[in-house]
Amino acid sequence: MLRSKTSRWAAAPYLLWMAIFIVVPLFIVIWYALTDASGAFTLQNLAEIGRYSSVFARSLLLAAEATVICLVLGFPVGYFLSRLRANKQHIMLMLIMLPMWMNFLLRTYAWMTLLEKNGLINKLLGLFGIGPLNMINTAGAVVLGMVYNYLPYMILPLYTAMTKIDDSIIEAAQDLGCNTFRTLTRVLIPLAKPGIATGITMVFVPAVSTFIISRMLGGGSNLLIGDLIELQFLGNSYNLNLGSAMSLALMVIVLLCMSFTSSFDEEEMEGVM
Amino acid sequence: MKTQHKRLLQRAYIVMIFGFMYLPIAVLIAYSFNENKSRTVFSGFTLGWYKSLFQNEMILSALGLSLVLALVSSVLATVLGTLATIGINSMSRRTQLIVNNISYVPVVTPEIITGVSLMLLFVLLQQAGAGGEVGIFGWVTLLIAHITFNVPYVIFNVGPKLRQLDPSLYNAALDLGCTPRQAFFKVILPQLTPAILSAFLIYLTYSIDDFMISYFNCGTMQTLPIAIYSMTRKKVSPEINALSAIMFLVILTIILVSNHMDSRAYRRNQAAIRKSAAEA
Amino acid sequence: MDESLIVSLKDIVVDFDGERVLNGLSLDIHDKEFVTFLGPSGCGKTTTLRVIAGFITPQSGSVLFDGKDITGLPPYKRQVNTVFQKYALFPHLNVFENVAFGLRLKKMPEEQLRPKVLEMLEIVGLKGFERRGIHQLSGGQQQRVAIARSLVNQPRVLLLDEPLGALDLKLRKEMQLELKRLQRELNITFVYVTHDQEEALTMSDTVVVMNKGNIQQIGSPQDIYNEPQNAFIANFIGDSNIVDGIMVKDFLVSFCGHDFSCVDRGFAYNEPVQVVVRPEDVAIVPPSTGMLTGLVRDVIFKGVHFEMHVDVEGKEWLIHSTQASQPGEIIGMNIGPDEIHIMSREGV
């Protein structure tokens, strides 16, 4: 049906658009990364990234921490949600997605006001004679901001994967001798693997490339890759070639992360085959 | 008894997570009514920040830009994407796979890279003389950027629906006397309308919400998220809190209304089914 | 206490969201018996099974296993295993690992585990399927894996929750015989849930007919079919003609304007009763010699017999006969004393 030759041309404007505004720009990034300001080929930009290895390491570490925390916090939520009745699931899902519709900058700003030295949390702690704690402008605050912003991206794929697990599968595990912990390790986690893989990607990729969260909650001392790139393109250290090299490096990190999680997924598929 | 304990524990955990997700927003909104500029001491109730928000030229013009931009880019992206979906559907399996993979690129690349790569393209075009004296960055680059990051979603939203469609539907239309064109517009398109519409709504929200990609391609223009960003960078004013409260209220209303419509339609359908079953 | 008892349910009450699903149900299940819970959907049969398995803790009442109270015991500590309605096989494990699941939890060493699993697969007729994935099996094969996965743990009682519901008719008949064979060979108790009366009558030693959270009748398949205790059972099990009548005196009942001799007694004089006659128990005779006469409305060929709808004094009767009458024909009908079952009207 609808497979006439002429209807194929309907995709032409789209393909042209994607070619010009997606594919070509990515090649421009690669080209810029491998040339200097005069347009000559150089590996200098890539070599220079080495100077920022501590920033790259920090980005990876903080994003990984945030991803693990999201997974630990989100797994039970996804499970409980998937066991609710359909109409309740619908409402709970709405409630989980609702904060996501709120602008990301405003959500992060909310934490800024909560964490600051004379913010609400320190005020509360003061009532118990604790503090004031130095919370804002720390690495911990950056991780908190990541967890807060990206937790729903972990919960949703976990929930989706776990809705496919029938109650009777869990009952079968118990029936055959699994206690709660073993039901988790032998049945739930293996079956939720595709959701875990998607969730890790969906949290790690934006977390490792953010620059807003680090800027708003990390102060000047917790630069991430995203901050470096932003500084090269729009900031004081304007250098498009170095910025492109950094973007390329970030892209490689992201691709590595995704091939890692998808291999995770394939393992799962082999078990099925 | 034991299951009851478990259920209580589950409920407590869910409440805790929701508290984590909603408390910051609640605090933000609460302080939009604070007379004092302080973000800790609540000294008295006022609507003053809402008033000054609506007199804030920067915010209002940014809001206007965001709305127009969202509308225009969503319409264009929907048309482009719907056409593409139909075209892709009539391609061979292999070509489909390639096109789908290309469509995935903007979905999986970090926003910051989509943003800077487009910026580099525009920088090159500008160097080649596009845009003249004032430069290329502004309305046009923003529009292109917004269409670009949105357009693949139609393919993922409508494409599966198109494939799931019963092929005999189209044949039935032809059998009953439709020309292929009529069959498409009278039979196929109406089936796809809900998916297309929902893609359009998603575009609207993505576009209004986008910061990262706009940030690198806006030149001196300010969309609402960019205005918010610059506000958080400067001396903070509770106007932001007021803005948050309004945005939250608008979103909540939209979601509740659409949800209510959904469930009403559902209940109506169920009632009709019961009625016809009782009659039969 | 009865030595042969294995499971006893005592006054089990289960509510879901304020709705009573089991209404003070009591039941004894004997060892090595094939027991079937039979009833329409929503009658509480699956709930009863799940109470025995431990997935539902009753609001009140107790579950005894081998004389010990196991009411609060979680499922993984019970000596029963369940075959689920849609099999509930683990999609991330292959056939071998599915069957080995329970044994691995018991930390059985590999050299003991392997032969046990293979033997069980052979018993259910899946030799050579060990490495297959679950999704590469047909419904019938998945069913066999589910049975093997439960039986390999050597449960004292196997619970089966409508295990054949998803299979087509031919396969279902095959599996019925096979399940019966397994139960005899392994010599353990099977508790089987179904809404299919034919299945229940074919396989069981004892049938428990349930409706609305109560037990209606317990008995052998023959008892249930031939001596239904109330109209619900008569209707649910096979086709029946149920008419109002008057028990004139012992061994004599009057219905449709005629007195019939019967084998029932113990009712009051002229007590209103209900009379059950199975469609195959009506003999067709020439109108002049019939106890009743009726007008044939229509005749449908059913393969083994003809199904006839006959109008008798304004009430439609269903008659199964190997000889066809013509629509519009007047026929005579005779019913022997043994074929008439009397039920009191109170139980209705």
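A, B and C are the chain letters, set down in written order, and residue numbers restart from 1 in every chain.
Keep this in mind: a contact is a pair of C-beta atoms (placed from the backbone, for glycine too) under 8 Å apart; a residue touches a chain by one contact, two chains touch by 3 or more.
Just so it is clear, the structure is predicted and the values come from calculations on it, not from any experiment.
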Farthest chain (mean CA position) relative to subunit B: C
Most contacted chain pair (by C-beta pair count): A-B
Distance between chain centroids, defined by C-alpha means - subunit A, subunit C (Å): 54
Centre-of-Cα separation between subunit B and subunit A, whole angstrom: 18
Where subunit C touches two or more other chains, by residue: 74
Touching two or more other chains - residues of subunit A: none
Residues on subunit A engaged by subunit B in the complex (per definition of touch): 1-5, 7-15, 17-18, 20-26, 28-29, 32, 73, 76-77, 80, 90, 92, 94-96, 98-99, 101-107, 109-114, 116, 118-120, 123, 148, 151-152, 201, 205-206, 208-212, 216, 226, 229-230, 233-234, 240, 243-244, 247, 250-251, 254, 258
Subunit A contact footprint on subunit C (complex, rising order): 53-55, 74-76, 80-82, 84-86, 88-94, 101-102, 105-106, 133-135, 149-150, 153
Touching residues on subunit A, where the partner in the complex is subunit C: 166, 168-169, 171-179, 182, 186-187, 190-191, 193, 268, 271-273
In the complex with subunit A, residue positions of subunit B that touch it: 10, 13-14, 17-18, 20-22, 24-25, 27-28, 31, 39-40, 80-81, 83-84, 86-91, 99, 102-103, 105-106, 108-114, 116-121, 123-124, 144, 147-148, 151-152, 165, 167, 170-171, 180, 184, 188, 205, 209, 211-212, 215-216, 224-225, 228-229, 232, 236, 240, 243-244, 247-248, 251-252, 255, 259
